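Heads up, the next two complexes both have chain A, just with different partners, chain B and then chain C.
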Partner chain A sequence: MTATDLNIEDSNRTSARKAPGLGLLLITGVTVLLFTLPLLIPPVFLNYAIKMMVAGLFALAFNLLWSHARLLSFGHAAYYAIGAFAVIHALSLSERGVLSIPTPLIPMMGLIAGALIGLVVGYLATVRGGTYFAMITLAVGELLLSIAPKWEAVFGGESGLSSMRMPWAGLTFGMVGEVYIVVLIWCLFGLVLLRWFSATPLGQIALAIGDNEKRLRFLGYRTHAVKTVIFSLSAAVSGLAGGLIAFAMESASFELFAGANSAMPVMHTFLGGADVFLGPIAGGMGLTLFSELASNASRLWLLYMGVIFVIVMMFAPEGLAGFISRHVKLSLTCWRLLIADYAVFLSGCAGLVLSGVWMAEVSYRLMGTSPIVGLTPDGTITLFEWTFSATSKPLWFAAVAVFVLSLFGVLAAAKRARTTWLTIGQKKDGLR
Partner chain B sequence: MIKSNSCDEIALAARNVRKSFGSTEIIRGVNIDIRQGERHALIGPNGAGKSTMFNLLSAAFAPTSGEILLNGTVINGLEPAEVNRRGLARSFQITSIFPRLTTFENLRIGAFARYGVRFNILSTANRLRKANEEADRLLRLVRLERVASELAGNLAYSDQRALELGLTLATDPRVILLDEPTAGMSREEAEYATSLIRTVTEGRTLLIVEHDLDVVFSLADRMSVLVHGQIIASDTPAEVKRNAEVQEAYLGQEAAAC
Partner chain C sequence: MEMLSISLLNGTIYGLLLFMIAAGLTLIFGMMGVLNFAHGAFYMLGAYAGYVLSARVGFFPGLLVAGLIVAAIGAMVERYMLRSVHAHGHAHELLLTFGLLFVFDEIVKFFFGYYPVSYRVPETLSFSVFRIGSLEYPAYRLFVGLVSIGFFGALVLILRFTRIGLVVRAAVHKPMMVEALGHNVPLVMLLVFAVGAGMAGLAGAVAGAFYPTSPAMASEIGTIVFVVVVVGGLGSLGGAFIASLMIGILTTLMVGVDTTLADTLSFVGFGSWGKDIGGIFAVPLSASAGTLPFALMLMVLLLRPAGLMGERT
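So, the complex of A and B:
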């Protein structure tokens, strides 16, 4: 028997077969690094790390539905938010001494709440597939968003709810380092849970639903029940993610239900790569870090995020992780032939980013929409500690020139690399 | 038309079945008896309603009136999953497999259903010995061992057809319905497929809808001829060949075309 562990990305399968030791070493290394992170970086970055891990877990939970059953949910904010409120309520019950669960286990309430609401909504939503499924999830999300601010007892009205983490077993949970470790352990738990699911019979059946639901019915499966269970699992882990954010922030408000939170895992997943297991994590962590850093550096950060998303969807619809893993796989055998093209491609990309960002930032200031970032009276502006005239013709000429040249460089390098691959592919076919 | 005396000899039957789409009546009062253990072919010219009849017999469509009986019980209106659990499995004319799973995993999906491990999330799929052994057996049965770990979506067309057959057998059905299993195949491929079908349906009841008359005459114990939504003959291949009405309606047409 050769068919082994189910793996969506088959490159993982071959590489795992080649060097199982290497993979294990890598996993151990990353885990050790993650656990020692509080000793290595300042607390403010630990807060970033918490947000990044939670975003990664949330995207992974969302993608359970898409990558397996090809169900696209536009309302996952609902389960995220309900998980968050479940944890806030559990925290305040434990604060008042009504409930006595160890503080580090409280995020589990998010998991349970997510599973339960997921069972109900999943039963309703998975009656249909495709667009109708997406519309039902969207509608349920909007419904909860409209109810939440009005139902003060449960969701705390406009101002939301807050609570405190109680000390447990000598740990105060007052330091971000302790919170980080709790969040990390839960995220790893969620990751292992979802990975495990893929290898179970139900995980395989979920993939089969995405491929050919009708056939599955004729094999004796009640696919509605199967989809309900998968939906519930996805909602459970989303609830865990929301619960972890509430646990870290010690607060939750109805804004967690907002559509932006439903869009987040979708963007993270497709940017990272929906059909590579770690793609959503990469997308979630990467975009979260980007938005934290870029929102401090520029007011145009949302524009940049949008441009990145559009470019990735146009030119690498398999997502960044899929794009990179495909390139690594293709190029391992013939990297000598391709290294020059890659160098041109990457420096072209750098040129595009530099000139594009320069033009966007200067244009934004020339528009003068905001007095804070507008021009100084003498027409000069300061960008990254560099002061220059915003209307300087040589600078604009240089920027446009760099942009156009970089664009040509990128396109030419991509074309050459493609030709090289095709030739190599044909040679291989010939040998076969 | 051969009437049967006792009901339990009949594996699958249609009783006065009619089916209309809008105002067009496609099936106009069909009676068929498929006996336990026989290989029965349903033939007919293009547009006779073969595919509709096939979908009615496999309970994919509900008849406008009349009944479909599986081992004497009415199955029309039941969910496809329920019909499968009662021992009837069908294939699809357009290859209907799971392209993102390997050949082996495709067959194992069928075995999961058979051993009732649908909702198992406590052990990995590779650990379920019975289902894996069953998938291996099916793999050998449809002779696909050499592509066991290939993704089904990457298989050659004839291998995909063999996998389609394997999936149909995976739930160990007593009654098998095959919809044009050799459609789109070359002569050699069709001969191979025919011998494969003969082997794997040994001891089971088979209904096959087929365009290729060579396949039909080499495989079928009995056959029914459907013309304009009605059965005009139901007999052994030799008798059907001699039937003047059939010759006029169908075989003559084919002969003239050749």
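So, the complex of A and C:
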């Protein structure tokens, strides 16, 4: 039975099929670029690329539950970590010669382990929806987090487990380039799997659960079974993501279960944009790259991320990808009217970010709470090779002025743009 | 026996403290349908406010002002943040509070660093009240218990016997209906949110002097309070009370238990099997006390999903 048989109205959540053309070309281009990346960039960046792809895949797996059945999980670290440990155990088994599977196929163990645990937890968790579901997943995550460090045999206690990738078919997997290619192929596999699932009848029923579960039950569908299956699939791909990280790092510890790992896919997904298929990937990859780069430069990275998350939730709840795509669609017809507002808005945002970050960084050093960053004895700071006095009045005045002006500019531009859209909308209605 | 009575007393006081935090959370859930992730952060903010203020204005005024400050923060969060997100649905409200927890956590780290601060019990309360056998009992614990009981009593009296209490109780169950009857439900929500946040803040200020005050306390107490609220039944104050005491007493008692699960299994002849599995079967139960609340919550959710006193939906 397909979506059309069910007579589901084509909302913007159901994927509209477009004619392949430009999109196909773009996909091929990006894929070719990704496969040739080891030739183009130095190995350090390949490690970043691995983390980015895994974060993107993890967010996408998390978002399977939200974008389809409108289920919010706050404990996805559990499946991520279990996938990682499954891969570490498989690696050490193959190292000891007990298990003979080709090394590149070992991340599969993460997928299988995730699917199995997901089937059990999913069956229990999806009995209830909404807040109860969120709480059950949170409880399962915390439960495993509290058990893991005490179960030495399985999770290696406080220190964790490590293992080695065995050579296979002439490949040593000692080079980061080889690992990158394996991770890339698995990530693409996960991506295609999730994309394919959305298009299956089961995927469409899962979508309908998000719209109106009660009605679906009246139609005779066993929604609990469907939710269990998509939970298991989501956990499986999360396990694959965790397995890939373990495969790349050759180690895993109980800290993978920590709440921070459950928070990451949530942040990535909703910052990126939950209702655009590539939103979570963009969020996961973008934020991971930023955090890798920014965590070296600033100790306050998590604060910035939290603030951005709160702002996005308040003013652009559809996420950045959703926000941008909506604006592109809206303004294509009337960009001449709006371009000045957009320019003011964007430069205002830049001003807010620059002055806000400057003030936060400088006052953080003035506070002296961090054991790592602080002032030099003469009270100066060096940020980006620029040395200045931390208490310089003109600089603080300038920063506050830029902040206030930018805030004003952003608000004014947003208001003007909204008025323009309203007038255009009214004109269109009038023509009809 | 001495150990048992001390544990029971400690557990009861811990439970009362949990209730002081959980009460606001469960009332807010009843009215808004949102479980406030940032509630644990209010507790933490209260502790830090108490730490800063007690050094300036004295300990007891400091506690009170800390509670008021956190209540004001709570009111701002409700009025200027949650209310504007309300139109986008419950999930986004949940996500917003989730982000706020993150931000409050980082702000505290910004000002006070990653390590616990030295927020101490004042001289006037650091003596022992009585002895049970050879064990002395600190007065401050009793103070924590008394404050919690005081607030519990005040809350019950207000909710039970005043007009505003009546409106709040009605709004917890049927907010739309109460609004239709002409009551200003948004204002009531603001009030309940502020009072709930203030109680969590005061609990933090009181407990922070006794337990360590560190940035980790928000998520630690936050998750336990979630468990309390879910076990008690979302929106049910009575349920939250029973669940707080239950979890407080059980976790405190469990810390004192030395046997392992494997030992228990050996009664039925599976002891060596249990030891072979290792992990949770071989650690003393005292070490897995942190596991208990979550196990309890899972059990309750599966056996009686509405919680102990929650309505069936």
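Brief remarks on what is shown
Simple rule for what comes next: the second predicted complex is superposed on the first by the 410 of 432 C-alpha atoms of A that agree within 3 Å, B and C clash if a C-alpha of one lies under 4 Å from a C-alpha of the other, contacts with A are read in each partner's own complex, and residues count from 1 in each chain.
Operating definition for what follows: a contact is a pair of C-beta atoms (placed from the backbone, for glycine too) under 8 Å apart; a residue touches a chain by one contact, two chains touch by 3 or more.
This structure is a prediction, so every number in the text was calculated from the model and none was measured.
In the superposed model, A:309 lies in contact with chain C only, and not with chain B. More chain A residues lie in contact with C than with the other chain of the pair chain B and chain C.
Once the two complexes are overlaid on the shared chain, A:30 sits clear of chain B and of chain C alike. Once chain A of one complex is fitted onto chain A of the other, the partner contacts of A:317 are limited to chain C, with no touch recorded for chain B.
Residue contacts after overlaying the shared chain place A:151 against chain C, while chain B stays out of touching range.
When the two structures are aligned on the shared chain, A:132 is found in touch with chain C, with no touch to chain B.
In the superposition on chain A, A:202 makes contact with chain B only, not with chain C. Residues of chain A that touch chain C in their complex: 66, 70, 72, 74, 124, 127-128, 130-132, 134-136, 138-140, 142-143, 146-147, 150-154, 259, 263, 266-267, 270, 300, 302-303, 305-307, 309-310, 313-314, 317, 360, 364, 367, 369-371.
By the touch criterion stated above, chain B contacts chain A in their complex at residues 58, 60, 79-81, 84-85, 89-90, 92, 96-105, 108-110, 112-114, 117-126, 128, 131-132, 136, 148-149, 151, 167, 170-171. Taken together, the chain C residues at the contact with chain A in this complex read 29, 33-35, 81, 84-85, 88, 90-92, 94-96, 98-100, 102-103, 105-107, 109-113, 219, 223, 226-227, 230, 234, 277-280, 283, 287-288, 290-291, 294-295, 297-298, 301-302, 305. Those residues of chain A lying in contact with chain B across their complex are 1-6, 8, 10, 196-197, 199-205, 207-208, 210-212, 214-223, 226, 229.
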